[in-house]
Amino acid sequence: MSFDIFLNVAIGGVLTGLVYGLMALGLSVIFGVVRVVNFAHGEMMTVAMYLAVAAFTILHLDPLLMLVPIAAVLFAFGYLLQAGLINRFIARPEHSQFLLMVAIAIIIVNVLLILFGPDAQNVQVAYAFDSLQVGPLIVDATKLYAGLGAIAAAGALFAFFRFTQIGTAIRACADNYTGALVVGLDVKRLYALTFGLGTACVGAAGCMLLLIFDVTPTVGPSYTLLAFVIVITGGLGSMPGALVGGVLIGFTEAMAGLLFTPSAKSMFAFAILVLVLLFRPQGIMRRRPA
Amino acid sequence: MIARLLEGMPRAAAVLLALLFALMAAAPLFAGDYLLTVLILILYFAYVGQAWNIMMGFAGQLSLGHALYVGLGAYTAAALFVHFGIGPWIGLAAAVPLCALVGAFVGFLAFRFRVAGVYFAILTIAVAEFARVGFDHLDWTRGSAGLFLPVAQYARNDLWHLRGHPVMFYYILLSATAIAGLGCRALLRSRVGYFWLAIREDEEAARALGIDTFRYKMVAVVISAAMTAFAGVIYAFYYNNLFPEQVFHISRSIEIILGPIVGGIGTLFGPILGAFVLTGLAEMLTGALAALGIDIPGAKQVFYGICLLAVIVALPEGIWPWLSRRLGLGSDKP
Amino acid sequence: MSALLAIDGVSKRFRGLLAVDRVSLAVPEGAIVAVIGPNGAGKTTLFNMIAGVHAPDTGTIRFAGRRIDGLPPDQICRQGIGRTFQIVRPFPALTVEDNVMVGALLHRRQAPQARLRAHEVLRWLDLYDKRAQRAATLTLPDRKRLEVARALATDPRLLLLDEVMAGLRPTETDRMVAVLKQLNQASGLTIVLIEHVMRAVMALAARILVLHHGAAIAEGAPEEVVRHPAVIHSYLGAEDVA
């Protein structure tokens, strides 16, 4: 195999990894602030993917165009879920929160199954087979757009947390829950906003991932797992860590697919997860707490 | 012996339990084929739910990858049977130590490296998923094409080779569930049981009372894994086909834990009650949908999800603690 | 005669903050020693080093002649040191009796024997009538008593009590003092207690160690210590002598 192939696959893996990173970013933001692990994360992304499929087949709207509206729908979904249900579970034990999310995940998977059937679906955009050639490198247009979109969405989220007042308030909640209550922040509402932002991330990521992969109702759990692997690799609660972890896992999967067999690629992601859990449980991007 | 195992149980609870057991023992006399398969499913979940409950309900270690032990147990016994003609009971003698070893490995990694809480749960998923993908590529067990056992002849029941009528499986699972229940009760009332509860409630306080928490958590994982291996062996010989995509899948792990959670985590009767409630509800719903001529794949699971949601919102401790108070049985330990 | 607990020059540093600075203390078998000092003086850190939560950076700790510094908490407890936590940590979902059973089972294999021991300890601490209650439902004074009962059930030779009087009413304090005195006299139980309630300290302790900013600034009999200028200046001057 020539070096060019490696490079091409690596770039494809990194671009896909950026989208994974955006998806994981949503999980990380939710955990970092609300301290709830969203075990229905991947399932929520399949909701976004199916919304994009529906928009494309019925209205012929490009998934990239639908990115913002779908992210908005997912935001509303996340906001309502947190405000209506999850807020009540904040003080409950971890397994109780986990079960709540599992129940939601089961409902999502099967509602999608009822609505869209079990078969894989995708979108045939005009540029599906376009590619850009830069010297010896060939980059798929879909992956390029997806990767760039992921960077843009992640950038917007960073900016929100850094420069807006609400973003600062949310960070305050994450740092010190009691303190935030004392200074009069409406923590429950901020939690709902945060959960909404997290699900908006998977909404956007879902639109872009649809350019690269097919979707089936049952693919949700594997994306949930993938998001865990990425977030733990990058450091649970760390925003840059999620993106870096996403790129690392995207790259690893691409290489595993090239060197071994595509169907075994997730084994490598799990191997990375286990190694990180054992030797660097705080993730690759965070300092070890004393 | 039995009297000793039942010692200290409220009389009302003991009588109810004896009645339930008698009813279950007599069930094949009047149950049709369909009801029998449902009851087998219930007993299967009651049994593995109890095994999982030892880890989570007693020792407080959340495993989301128990399908790993079902799958390993099933594949070990099935592969030995297919390749070497080795019978299931000898296969069991291989499957149980293997699962205990794998459980010990997972436990060792997690507890030595202080992987706890959510991280521990994710580690258990990761190991199960690793096994799923691994078995997909393992030629010895026919990979993703699936491993098939020679189909059972119903002419006569061969207990030694586990070839026969579902009634045989029914009684095997009924005995296993009953033995598991008595075993769990004995464990919970013993030294190790108290230490598990202490670890579940507050690990640091448990250590301060001299409990070697690493050791007792390991004991919980190993017992739970070994018990689950038995369910795997029965699964293989009952269904006669195994696909990594099915047996190791995360949704199998979740099915295992729903019963104990709905019934009541950490209680003795919860996993059994939960299996009855969930499987019963699901089958009734399937029946109702079929009667109405509706055939929607997924409808049953949506209902499942909604029931689960309702139970965890309304009865966070599960049905059994609530029910036993209602029945005036006092303690939530039957 | 060598001490049951011999602490020799132990220090502990957390991120640059010297929490405990070369503290030494010898506790003879059968003694009751109090460790006092303002908040943040390093009392609990010292306890945590004895109990195995932290390993000291320097110095040694010997119990019954054996080095125990750096051992994990469970091994230290098995050697005969029981401890309570300043912020009580009962097993909330378990009954009072079962909480104490856990401790009693440390040196007893069978549940029935452990139950006898648990009942004995529960009677000492006036919790016997509440034995069927869940620990989560207890009031704070009862939780403090449960904390002591649980540690006592492990049959310790040395009991480390971290502010078990805090939050008790004076009559309850007197009762606790009486119970501890009785245990000390009847079974020779050695006790080291961190305490702010001077009423209890003066009633119980034969010796007092005063910590300030991690260092021992005075040690001696109660009457001497409370008259020590450095103590009055740094501690008693700042806080009410109850």
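Labels A, B and C are assigned to the chains in the order they are written; within every chain, residues are numbered from 1.
In the analysis below, a contact is a pair of C-beta atoms (placed from the backbone, for glycine too) under 8 Å apart; a residue touches a chain by one contact, two chains touch by 3 or more.
Predicted, not measured: the structure shown is a model, and the values here were computed from it.
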Check: Which chain, with its centre taken as the mean C-alpha position, is closest to the global C-alpha centre?
Finding: B
Next item on the list: Determine, using the mean of C-alpha atoms as each chain's centre, which chain is farthest from chain A.
Entry: C
Next item on the list: Round to the nearest whole Å and give the separation of the Cα centres of chain B and chain C.
Entry: 44
Check: Hey, how far is the Cα centre of chain A from the one of chain C, in Å?
Finding: 50
Next item on the list: Mind checking the centre-to-centre distance between chain A and chain B? Centres are C-alpha means, answer in whole Å.
Entry: 32
Item checked: Multi-partner residues of chain C (each touching 2 or more other chains) -> none
Next item on the list: Could you check chain A for residues that touch two or more other chains and list them?
Entry: none
Checklist line | Touching residues on chain B, where the partner in the complex is chain A | finding: 56, 62, 64, 109, 113-115, 117-119, 121-123, 125-127, 129-130, 133-134, 136-137, 144, 250-251, 254, 261, 265, 296-299, 301-302, 304-306, 308-309, 312-313, 316
Margin query: Show me the residue ranges of chain B that touch chain C in the complex, using the header's touch definition.
Written below: 189-191, 194-195, 197-198, 201-202, 204-213, 266
Item checked: chain C - residues contacting chain B, complex -> 51, 72-75, 77-78, 82-83, 85, 89-94, 98, 101-103, 105-106, 108-111, 114, 150-151, 154
Next item on the list: Flag every residue of chain A that touches chain B in the complex, lowest number first.
Entry: 37, 85, 88, 92, 94-96, 98-100, 102-107, 109-111, 113-114, 118, 217, 221, 225, 228-229, 232, 261, 263-264, 266-267, 270-271, 273-274, 277-279, 281
